[in-house]
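First chain written, first letter: the chains are A, B and C, and each begins at residue 1.
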Amino acid sequence: MEPSLTPGSVWALWHAMRDKGPLVQCITNLVSMDLMANTLLAAGASPAMAHALDEVEDFVGIADALLINISNLSSDWNAAKKLAAQKAVALGKPWVLDPVGCGATPYRTQMCLALLQLRPTVVRGNASEILALAGAAGSAVRGVDSTAESHEALDAAKALARRCSCIVAVSGATDLVTDGTRVAGVSNGVPLLTRVTATGCSLTALIAAFLAVAPKGGELEATAAALAVFGLAGETSLAAAPRPGPGSLRVGLLDALHIMGEAEVLAGVRVRVMEG
Amino acid sequence: MEPSLTPGSVWALWHAMRDKGPLVQCITNLVSMDLMANTLLAAGASPAMAHALDEVEDFVGIADALLINISNLSSDWNAAKKLAAQKAVALGKPWVLDPVGCGATPYRTQMCLALLQLRPTVVRGNASEILALAGAAGSAVRGVDSTAESHEALDAAKALARRCSCIVAVSGATDLVTDGTRVAGVSNGVPLLTRVTATGCSLTALIAAFLAVAPKGGELEATAAALAVFGLAGETSLAAAPRPGPGSLRVGLLDALHIMGEAEVLAGVRVRVMEG
Amino acid sequence: MEPSLTPGSVWALWHAMRDKGPLVQCITNLVSMDLMANTLLAAGASPAMAHALDEVEDFVGIADALLINISNLSSDWNAAKKLAAQKAVALGKPWVLDPVGCGATPYRTQMCLALLQLRPTVVRGNASEILALAGAAGSAVRGVDSTAESHEALDAAKALARRCSCIVAVSGATDLVTDGTRVAGVSNGVPLLTRVTATGCSLTALIAAFLAVAPKGGELEATAAALAVFGLAGETSLAAAPRPGPGSLRVGLLDALHIMGEAEVLAGVRVRVMEG
């Protein structure tokens, strides 16, 4: 079946992912572990937060997909990330790179570039991170929060996708996903998600879960589907929240991912092919 | 007083634990720290997440009980776990082993076996972990989630308990607790707890808190009591949740542990002696 | 403008902090990361949980304030804390020390003293920690929870503030803040906050955020303002909680910080100058 990007195709992937319950290995920063593992569990996947040098490759062997977030930069972890990425590529398993804070410090940027060379299936960042990663001059990255809008990073994302033969996703008010030629847009989500730590990191892990069930050649669509489902969960969470704050939003996000059914997906996801 | 296992004895232990507020030292994996510390605090105990090599033994000296979860496998942490376990045994303080993901990788299994030799008071795992730990051939462990039912692991649990002279608890739809001869069953809990990360880890820490007030020879009963109280908190949380999802369940679990009183315990815990 | 301490001045600082959205670099223990980052985000600041040796000084260069919590005691982290503190002082940026569990073990006390020599702007601890840090003989510190009341530590806090030329804040039923001569009191907060892990740690990070907008010479007032706002958020959270437990309190705390407006601050904060 040809990959497509419609509410119906998002639902089909979401259903397939929950049916399979893929094991997603996560090598991530310390602050995101709790929400990331809970996001995967709520969505029906199975997280494995396994990064120890002595077992990291064995774990890739039993995992269905791999998430690498660069933002725990200790030397042991950096070595584990490289081993895991290499093993995933060797085994033909999808892996996703989250270049958190790329551009904020020279060391961080260097680590992102080193991992980029290990052929991720998908790279997901905010506009500033993608701009910095693509080497777009003049990008001002401040901390790990984005200072640019996603559309400003589209040209950089396309160039990056072509150079690395991967999918690049840029989070923002409208999320953009590109393989260098085609561009998909996702308009789900609420601004308050940026006031909850680790939502971007957790979203990237959900992309890995979707990739575990994506057909070959359907990585762009699977990435967009994960973005849409996660954003929609944010919307329904905020609508149901007793108080419109980030504490309630975070709790409800997990509830919404767990509960989200076909009718909600079909009525709520806003995805479209913008180019190609 | 002879240890017994009834709703009344569970309440007596729960009340004694909250009255004492034991200091429970936890050496655990990174993803479970937040929920584990909050579980102990909600239950009335005092957590100390202390694992640094230079102070780990000193902390055992002031702690009332010790929890060791094997699942942060860096070399520093592995050394700290061994020092802490040895110190606990030397001081006659109870310690509990959580063999997370035992069987998933050879390295992980090896680390579990090394700690098992340091004479834990209680071992708590899911069926797959206990099967793997007991060396039961044919156990298929997938990630850190259980693929076997608890009753399948009962024979393995009994053999393990006899070989190591410890209590072994197997979590599942019905939790089983054995000293190798006697078997207790606990039927509290809700399946959705498996969709919240670190609930198993946190439960094991609560066992340590109960052991801090258990009479000598009453370790089996104290372990079963902790399982019952934790499971009951899950039930009351889900019943009171605004939406039946894992986000609300987790929040309500902590509320329920904090609030749980005598009437609720007497009416809600489902414990029984199955053998012996 | 002369620094002052009234509900109106607390509101002015709170408003200025949210308007600026300062980047607060946090080097903290593992169990507090999630709540700390979410506290800063809910309050309108931007957290950076950056501690890697290879970038920690670069991050101080882009941060507006720095929080150092001593309680991850691995050698890499200890070195990073020292580098970060030295860099903050060199750049004239405020930094706050949280001496968690000072006195519990000799190693921990030694690490606190080493950091104290690096000239923190503010030190925030509970009474036992401040007593231990000040070298007040006879202080019994049990784990990381306080066994003394804040007023018992006032003399020790004053002496410490004078010796180190810093602000010292002692948390308790009434929080006390002193520069060695003047003393401010804050009476916001609820006892149940002590049943949620990392609330003290997160409060200290919020002090750093306030310092980022405090006028020179207004550090005492900014510290008291942060204590008042955090305590008030706890009060409004508990009042609005569906069940009066620590799970709901934690969720609502973040909602309350995000939502808290001028009328609430003016009506709710309880601050006063007690001496000087």
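Throughout what follows, a contact is a pair of C-beta atoms (placed from the backbone, for glycine too) under 8 Å apart; a residue touches a chain by one contact, two chains touch by 3 or more.
Since the model is a prediction, treat every value here as computed from it, not as a measurement.
**Student:** Starting at chain B, what is the smallest number of hops through touching chains needed to reach chain C?
**Tutor:** Each step joins two touching chains, and the minimum needed here is 1.
**Student:** Just how much do you need to spin chain A so its Cα atoms sit on those of chain B, in degrees to the nearest 5?
**Tutor:** In short, 120 degrees.
**Student:** Please state whether the interface between chain A and chain C is built from the same residues or different ones, using more than half shared residue numbers as the mark of same.
**Tutor:** different
**Student:** Whole-Å distance, chain A centre to chain C centre, using C-alpha means?
**Tutor:** Distance between chain centres, rounded to whole Å: 33 Å.
**Student:** Of all residues in chain A, which are in touch with two or more distinct other chains?
**Tutor:** 30, 34, 242, 250-251
**Student:** Give the list of chain C residues in touch with chain B in this complex.
**Tutor:** Per the touch definition, chain C meets chain B at residues 29-31, 34-35, 72-74, 101, 104-108, 142-145, 194-198, 242-248, 250-251.
**Student:** Spell out the part of chain A that touches chain B in their complex, as residue ranges.
**Tutor:** Interface residues on chain A, with respect to chain B: 23, 30, 33-34, 37-38, 41-42, 46-50, 52, 54-55, 58-59, 62-63, 76, 240, 242, 250-259.
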